[in-house]
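Structures for review follow.
Both complexes below contain chain A, partnered by chain B and then by chain C.
What follows is the complex of A and B.
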């Protein structure tokens, strides 16, 4: 059974509280968004939520277990601090998509703006289009897959996250370097593409980027 | 925070609805700033009759008839005055520079909201909803409008600190963000003979653009110079009677979204301010890139300009 919440008649708080109920289950739809912020945040159950329209800030933030689909564009901080589950945006996402995420999978079919995956800590992010500047800034863990290009300063001050990029970065950030694509990486990338619904892509057309690890320890030669 | 909205109408059929659409956009951004607000409306006949020079006086402590009579005598041309909320709108059939000079001579301490042809600027302290209602914004027509909702961070909550800053003829600038080096740029502009109304950082941006345009530069060139001169965070909407331009700083953390259809171009801090525009479901919607100047012109309505700044 599908439960539908019309934000024109049901308040956002009531909608989110219904989705937080201890016994929540099944499928849920949210309509009449008009760019609202904080839609479907803090979900913590294996439910399916479909959001029909463009959303504002922090949609599906802090997600655990739920499978959320946003049929539209998302404002800044979509799926920020996700722990587990899946969030899919069928349109474009604004800045800081998947910020600080610790787990789960975020798929953006369109483009993502600046700072995609900033400080990611274990989340997997697959972007169908391109990403903006300063993406994966200080990214610590997890994988960021981009089928298009990247903006300036990709992976600035990156720790141990892995970036797979099919297109070209406008520039690389401090301590981010291209790395060899070994067999294990091709396998990992193929798995991520499949999970995101892009299994048609040839993993060998991607490049891998990550940390040169020169910023891990203080040296007087660090100049940025 | 602060919120910005702007609407550039291409379809003349929408011109009578400008105020109604702009009111919805402005009030939706009240959450981003509710201490003061302002608007600039281009082409509303009741506020800035076509072919006339117009000027907006904010919180003027004098009756409209009295000010109009004083300026009529001073200029030798009939000047009419209308009080709209806290703003006194004056217009007359003369050069806008002559009207401006007459106002400055007769009322040296009054805050001038804006001046030029086809432009009315209204701003003040209070919530956007209350101000829009007091101005009767919903009934305004025109081809272009911008609005700003302020949450003051770096200077006082006063009408002089409210946006827009409309300091050059027909020009208008609204800002979300903060300039870091405004004091030194203000000093340089003062040395070049530019006068200021406030200690507000945004006023420095507006004076800088006006100074560049007065020196013969175009909008694209002036905004390119701005990106090279100003340090800080900014999303700016810069307009004059024929143009509508958006630019963001290199970091681009202050939000902006642009939507475009055959009938209009709109810009706002957040999508929800655009959600109720007619035809939004068919609009092309995107985020402006850092240090790229997006510029539309009424005189070349189909040429959606995008000029990348070469750093």
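What follows is the complex of A and C.
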């Protein structure tokens, strides 16, 4: 059975609290979005939530276990600090998509704005289109897959996160370098593409980027 | 042979006030290493502070309360504006945010114990929430920081309040750092970082930038936690009047203002000493902002917690008299735990420091076992005994504040008001907006009431 929440008649607070209920299960749909912020945040159960329309900031923020599909565009910070589960945006996403995410899979079928994957800590992000500037800034763990191009300063101050990019970065940020694509990376990438529904892509057409690890210790040469 | 100070005076040797010995040593150190000085503690320079204020005890025109007999309340309620479960503190002194990472787990546990014994709150820090700290803290404030190290919704739900940190007094505008010596496997695991690296923290939140964004962010946290918990916003003291106004507009239930004397575990010395303003100059700005918004000292208003250089019950009383609802202590709590204890004098000297001067919290070699992840050094700190010492200190702060409040005729410490005080210096009078002692002169006060 599917439960539907119409944000025109049910408040956001009631909707989110219903989705937080201890006994929540099954499938849920949210309609009449009108760009609402903080839709379906803090979910913590293995439920399916489909959001029909464009959402504002922080949709599906801190998601745990739930499978959330946003049929539209997402504003700033979609799936921020996600822990587990899946969030899919069928349109484009604004800046800071998947920020600080610690687990789970975020798929954006369109483009993502600036700072995609900023401070990511274990999340996997797959972007169907291109990403904006300063993406994967200080990215700590997890994988960022981009089927298009990247803006300026990709992976600035990156730690141990891995970036797979099919297109071209406008520029690389401090300490981010292109790395060799070894067998294990091709396998890993193929798995991520499959999980995101892009199994038709040839992993060998991607490049890998990561940390040169020259900023890991303060020395007289890297003060800033 | 080393000359004494008298010898040098006799010989006509004069130390430069501009290039004093500390300055000369700093230049020599910079020239030798090519790296800026990173240290712990807060601003060490002399600053206008609460010492420059005095209370006008009661006499003929006011009458005091009996020192040991008449009730003088100390309880404070925080965050009743929006939260289903506001925070009630028995005393108006809280323990400030200090990270697991900067401090060892035993030190965090000790602070939690002290807070629970005395009925106040303690606060997590940059490194996430540890089970030791949660387990021993009746009231725990969970910090939401730019790095989001260890941030997770389960801990948000486990917290009693959530503090969105924009900055701290030691480094407004700067991110934290934790040098590799302290990034143990456990610390690294909680932060999702490789062990042993010099960890650099962001200075800005990753998913929001201005006050309008913060409004949405605060609502997100409320939605995730079902509107149960008070949301604090912490700022380092700089443009305090404007920052507090914006924090209130963004929906803060409690605003925390940390002056430049507030401590840090690791920051550039140049940042600590030259960025930010003293807490004395910040409190009246914060109060003016809250008053103008109609939320100061109201049950459903916004509470103000101030920190940065609180050492005595007199400091507590002065902060409350200027309009704060509570204060927070950090450095003083560490000292009460055993930091800079003379019993470790030889150890401090072996590290090139001295008891009373030690500020190398970044180095992870703390002889007192507080600002370290070294298991052997941490064994020097007994969390139970440490908790008892900090609880004792918190009690003394509270009793001292009560002593002053009673002397001013107040039945509750939060009834103290600016009118109870005068300033010893023109600078303090201008900053605190109370008259210079013996005069009615408040320098800089505009005809509208505030100085801004």
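A few points about this structure:
By definition in this document, the second predicted complex is superposed on the first by the 222 of 224 C-alpha atoms of A that agree within 3 Å, B and C clash if a C-alpha of one lies under 4 Å from a C-alpha of the other, contacts with A are read in each partner's own complex, and residues count from 1 in each chain.
In this text, contacts are C-beta pairs under 8 Å (C-beta built on N, C-alpha and C of every residue); 3 or more make two chains touch, one makes a residue touch a chain.
These numbers were taken from a predicted model, which means no experiment stands behind them.
Contact with neither chain B nor chain C is seen for A:90 once the two complexes are overlaid on the shared chain.
Once the two complexes are overlaid on the shared chain, A:56 sits against chain B and chain C alike.
Chain A has more of its residues touched by C than by the other of chain B and chain C. Legend: residue contacts after superposition of the two complexes on their common chain; A:65 is shown touching neither chain B nor chain C.
Of the two partner chains placed by superposition, A:3 touches none, neither chain B nor chain C.
When the two complexes are overlaid on their common chain A, residue A:36 makes contact with chain B while staying clear of chain C.
By the document's definition of touching, of the two partners only chain C reaches A:44; chain B does not. In the superposed pair of complexes, A:73 makes contact with chain B only, with no contact to chain C.
Shared-chain residue A:133: touches chain B; no touch with chain C.
When both complexes are aligned on chain A by C-alpha atoms, chain A residues 37, 56-57, 76 touch chain B in the first and chain C in the second. Against chain A, in their complex, chain C makes its touches with residues 33-36, 38, 147-148, 151-153, 156, 179-180, 191-194, 197-198, 200, 202, 206-208, 213, 216-217, 219-220, 223-227. Listing the residues of chain B that touch chain A in their complex gives 251-253, 255, 257, 270-276, 285-287, 289-290. Note for the complex: chain A touches chain C at residues 12-13, 16-17, 20, 37-38, 41-42, 44, 56-58, 61-62, 64, 76-77, 80-81, 83, 96, 99-100, 102, 115, 118-119, 121-122, 137-138, 140-141, 157, 159-160, 215-220, 223.
The part of chain A that touches chain B in the complex is made up of residues 33-37, 54, 56-57, 73, 75-76, 92, 94-95, 113-114, 132-134.
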